[in-house]
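Quick heads-up: structures coming right below.
Each of the two complexes below includes chain A, the first together with chain B, the second together with chain C.
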Partner chain A sequence: MKDLKPIISSLLRAKMAPLLLILQIAVTFTVLVNSVYLMVEKHADITAPTGLSENVLFSFQIPHQGEEQSQKIANMYKHLEAIRALESVERVSIINSIPLSNRGGGFDIKMNPDDPVYVSKAAAFTGSYDLIDTMGVKLIAGESFSLVDEEALNDLGLGRSTGVIISKALAQSLFPENWHQALGSTIYLNQVPHNIRGVVEHLAGPWSFWQYKKNNIILPTIFLMTDITFLVRSHEGLREQTMKDVVELLMQDPHLHIDELKTFTEFKEAAYQAQNAAYTTLQFVIVGLVLITMLGVFGQTRFSVLKRRKQIGTRRALGASRMEIIRYFTIENLLITLCGATLGALLTILANNLVVAHLELSPVPWPYLAYSSAIVILSGLIAAIQPAINAANISPAEATRTV
Partner chain B sequence: MLFYYIKLAIYSLKRTPLLSFLMISTISIGIAATMITYTVSYMMNKDPIPSKSERLFTVHLSTWGIDNMYRMRDGKEEIPVFVTYQDAMNLYNAQKAPKQTIIGSYKAMTRSSEQPVKDATSTYIRSTTYEFFEMFNTPFIYGSGWSASEDEEGAQVVILSKKRNEKLFGGQNSIGKEVLIGGILHRVVGVFDDWPLIPRFYLEEFDALTEVRDMFVPFRTQMNNEWVASKDSSIYCWGEFELSDFHSVINSECVWLYFWIELESAEHRDEYLDFVNNYAQEQRLLGRFQREQMNRVLDVNESINHSNVMGDDSKVAVWLAAAFLFACLLNSMSLMMTKFHGKGGEVGLRRAIGASRQDIALQFGLETFIVGLLGGIIGLGLANLGLLVTAEVYSHLNAELMKMNIEIVITTLLLSIVTSTLFGLYPIYRACKIEPSSQLKSL
Partner chain C sequence: MLKMRGVAKSFITDTVKTQALHPFDLEIQQGEFVAVVGPSGSGKTTFLNIAGLLEEHTEGQYFLDEKETTGLSDKFKSSLRNQKIGFIFQSFNLIPELNLFDNVEMPLRYRDFSAKERSERVLNALEQVGLAGRKSHYPQQLSGGQQQRVAIARALAGSPSFLLADEPTGNLDSKMAEGIMSLLKDINKQGTSILMVTHDMDQAQQASRIVEIRDGYLNEQKVAKTA
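Moving on, here comes the complex of A and B:
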């Protein structure tokens, strides 16, 4: 630590050059903290569990424009029957909209019909009684629907008394202290009471960008829209084959159209394309930031070595070992990066307050400051190695020469 | 003299190739990063229709029920950007503005009459009134919009995008040819050219950056065929409604149609708002519009801001990129200090044989100018490369967003030169201060 005093006094004397580097590191640090935070956030978004058996699901629509309702229902059950009979199909259900497909319906949720403002919002998935099993969603409390609950209607069947199954996230937003209380309670969708009969662990909503995307409700009503959506679950690893089988089966009827035949994986990729793109970009940004920091540190250390060749030679001549010279420059460097990181942390906090005040974004949590400090200090140390070794190699004879 | 200094500057840059390379590359990387994010946000933010953005307005109405609020936003009550069928028709029929249009949407299986049934593809279709094309300056290659009378009778006519015309009719003039939409024959009356309207301001935010729809048909035709918007667009409802029943939807309080007007000038806006509020009062007497009235008429730019098309992420991205450029410039500034420090002897000698401080400043200034220029040119190349990659990664956005125009190219070069010269001022000042005597002693 006896190096510290001369380092500080030499830094104070040089002023401008180290100050520039400190400023540069501080700014880089601010950008870095935000980028790392955004990246981790995007990563959490992309990898959030959908709750569905993603790899075995696919879906398609059959348009029924202009058909009578009874005809529509008969056709739908005929198709369900035929698809279920296929060997490669494990399950098939009707669903109103596919999670993450960007199409769906949402409701205001109230605990009391007279409340002026909703407690939360949620999207509704509605379809065959066995929809939960087809999706592969895990029921963690209460009970599932049975065949008697299923009915095909021209609306969501909100007036029916089958009860609803909700996602755990919704239960948590309704009962923040203990979500288990949700089971058996009554919620109001469009002023109509519904008893909560079950809770599922995870279930992704229709819109990946929606604030309430984790809040979802499942109903056992087959909603007869102009297009009927089928969700098919194949046996493990047989999705491609199953898709072919289903198309072949349905194409036997020349009047039938199949629309939007897509795997669930495709829906998910499309839904998260923006997040994925941002994630990739942020990775590049972070690499760029680290490189710029290293370049700065490298340049500065080289400069200070170059300027002090004579002094280094003198120290060596007076008995300083190579290790001591390396230590000197490493500590000097560490000091600068530390100052930079501290100033950067202050800047980040300042920027954070601005961001939170002007944009609807959440502030960066504390641990990210620590992560970024680690990145900056580490890259600083690496960048200083080569110039420091260079300095150590200056021969003591240098002291006797005039520069 | 100037040429001599330029020669000197180039010679000096060549003499320390590593340092010059580092300076130019840090500047160019910083410039590239900034300009990529700036280009995207500039293209998103620029006025999509400069000739009319002051005169085009969308109408938002407070139609929600007394017991239910449409939604909360920033702790305040929000009203929908869509209107109900009945309000759209009432406002349209009132013809209070010189031009007004209703914008709806639906989805159907479509094919050309020459194609076999199995080639039909499901298509998202835009339905609107005849004024739309003039109001929003749609560029036509063949034909034009349909006529007012065709609009009124709900004629089976269709306008195709250039892309769809290529797919269905090989790109030839297809006016008069026939397209089957949902099994019904429609006659082609127009084909519009590439229409890079960014953002597509007449739509809600998550549609605003996508490509234009491939088929346009009269709104009346959609209504006559009872094709209600199914799952292809947003529809928000309260009260009594049955989504799968056409008559229920059009008589309900469901909102799903955009309503836009074009006025003679921005000054007529208050007049129109008064009309809208009067209309709301009339409806209130009939039992609708029971909430506190927040009806509004927003022009193009207000509407874009309202829907926050740009998104907070891209605003942050521009700031982060600018900070990154700042860090790069600081870096290049310290490199310049290193460089000029090494030239102390040269400065001392030149000063001693009669060069003034201004001469030294001019010479070094030219050197930083050249560094900035080279950094700008390379940065421009890198930025364009980066935009190509960005367009690839962000393929869900309109590719027009990732293209520089001439203004941005000039801005890039200027930014690079100005900032690097600015950040070179201090190192130059330091270099000029060198006293000849201090240097000559050690030579």
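Moving on, here comes the complex of A and C:
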């Protein structure tokens, strides 16, 4: 680091060109930090576990058949049994809405009916008693529903005392210190008390963009709407076949029409389409920012080498080896990128404070400053290699050249 | 101290071979002040570059303090230049962004001197050229003559075997040139050998020996010097 002092002195003397590059790096850095943060967030979103057995599930809708409610219910169970009897079907349940389908309903969750404000919000999935098993979600505490809990009604059956199963994320938001306390506790949905009888590990909600998307409740009530939604779980690797089998079975009844026949994978893809597009765009933005940094550093280093040909020749004549010239330009460059990254980090912290104070957004976490510094410094180093080697190749005889 | 045997330099461009310097022998002893004269384009700069290890000769052998320099690696040659040769250039070649102290210290940084020793050497050298009081000034704040004195201090600071001066007064007016010449003579009197390239015969006359280069041929001038 013997070169450090003269390098700092020269940079302080030269001022303008290095300062402009430092500013450029600082601004790039600030955008980079946010882009990297957003990208990682999007990635976490896209790859977040849904809790469901994604590859074996599909769903479809058929309309209710019959005039009377009892007739409708009987027909519904007849179809359910017929589908369950198919060889390729592992399980089948009735459900009010499919996770990530953009359709569903939810509640404000209160711990006390008289509380003026809710503790959290959650979406509700309601249907057959064995919905959890069909979805493939993992029960990590408490107990599942049994057949006796199931009932078909014209509403969600909030007055029934079957209890509810909730997602772990909801348990954590109700009991941040120890989510296990949720089990056996009472929550209020529309002022009606419900006992929490079970907790599932993960369960994706109906809307991928909703703030409370991980908070979900499961109820064992088959909610009679215009159409019946079936969620079918095929045997591993047999989803296509199962879909064909189910269609074939139902098409035996000429009055029946099947709607919304979709795999869960399709729902998930559609739900995350925007996030996927943003993720891809952010990747391009980051590559672009890295290129801008590299071009800036490359240009500045190259210019400074061209401008200092004679000076470099003189240094070589006075005893600097090729390696020492490369070292000189590498250190000079490293100093500039470090200053740029530091200034950028300060800008980011400043922007963070503003964002938190005025926009109620979450600030960029600290590690992202480190990631971005690493990206900027590494790109700077790579960009400086070629001009530094060029500088090292300047002949020491350049010192005696008069023109 | 410096011994050249059959040293020559030729360039080959496409199929044409140009002989920049024809084979010559030259020996310079410790304490000598040798002037190399000749018109422009005669091969003076090529000779200077070879003597200064800035350029490789294509034939012959060049010994510096008994050490054969032909075919040495870049690292080795750089360190030989740094330790054995003190360069003085026609246009001073000071680094404008560095103050006088840092300029003189620059070649010392390529050696294993401690910061304290570097500082002592810089101050001594600046003292020797009469500019110790201006160590924090920048080259642009000095006259041409003063800048060349700084360059001489830079050349002296590393205690080289000899000074290699390339037209040291070429960019100076006659009064300043005179000052630089007398400084060089003083340095020579104190025992440092000097090899000076010049086209000025008057200055060459002040050296202890004159070597003439004409059309790539190097000849010792037999004419006795006047001073």
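Everything below uses one rule, namely that the second predicted complex is superposed on the first by the 396 of 403 C-alpha atoms of A that agree within 3 Å, B and C clash if a C-alpha of one lies under 4 Å from a C-alpha of the other, contacts with A are read in each partner's own complex, and residues count from 1 in each chain.
The definition used in the following text is that a contact is a pair of C-beta atoms (placed from the backbone, for glycine too) under 8 Å apart; a residue touches a chain by one contact, two chains touch by 3 or more.
All figures in this text were calculated on a predicted structure; none of them were measured in a lab.
**Q** If we overlay the two complexes on their shared chain A, which of chain B and chain C does A:P6 touch? Say first, second, both or neither.
**A** In the superposition, A:P6 contacts chain C only.
**Q** Which touches a greater number of chain A residues, chain B or chain C?
**A** Looking at chain B versus chain C, the one contacting more residues of chain A is B.
**Q** Output check: A:E68 vs chain B and chain C. Expected answer is one of first, second, both, neither. What do you get?
**A** After superposing on A, A:E68 lies clear of both chain B and chain C.
**Q** Tell me which partner A:G299 touches in the superposition: chain B (first), chain C (second), both or neither.
**A** After superposition on chain A, A:G299 lies in contact with chain B alone.
**Q** Determine, under the contact definition given at the top, whether A:R316 touches first (chain B), second (chain C), both, or neither.
**A** second
**Q** Let me test your reading of the model: by the given contact rule, A:D108 touches which partner, first (chain B), second (chain C), both or neither?
**A** first
**Q** For A:T30, select first, second, both or neither according to whether it touches chain B, chain C, the two together, or no partner.
**A** A:T30 contacts chain B only, not chain C.
**Q** Which residues of chain A are in contact with chain B in one complex and with chain C in the other?
**A** In the superposed arrangement, which is not itself an observed complex, chain A uses residues 402 for both chain B and chain C.
**Q** Once bound in the complex, which stretches of chain C touch chain A?
**A** The contact residues of chain C facing chain A are 45, 48-49, 52-55, 74-75, 78-79, 81-83, 87, 89-91, 93, 95-99, 102, 105-107, 109-111, 138, 154, 158, 166.
**Q** Any idea which chain A residues touch chain B in the complex?
**A** Chain A residues touching chain B: 16-17, 20-21, 23-24, 27-28, 30-31, 34-35, 38, 61, 63, 65-66, 97, 102-103, 108, 114, 116-117, 154-155, 190-191, 209, 223-227, 254, 257, 259-260, 270, 273-274, 277-278, 280-281, 285, 288-289, 292, 295-296, 299-300, 302-303, 306-307, 355, 359-361, 402-403.
**Q** Please name which positions on chain B make contact with chain A in the complex.
**A** 22, 26, 29-30, 33, 67-69, 72, 74, 107-109, 117-118, 120, 122, 182-183, 206, 227, 230-232, 238, 242-245, 312-313, 315-316, 320, 323-324, 326-328, 330-331, 333-335, 337-338, 341-342, 390, 393-396, 426, 430, 442
**Q** Please output the residues of chain A touching chain C within their complex, sorted ascending.
**A** Residues in contact with chain C: 2-3, 5-6, 9-10, 13-14, 310-311, 314-324, 395-397, 399-400, 402.
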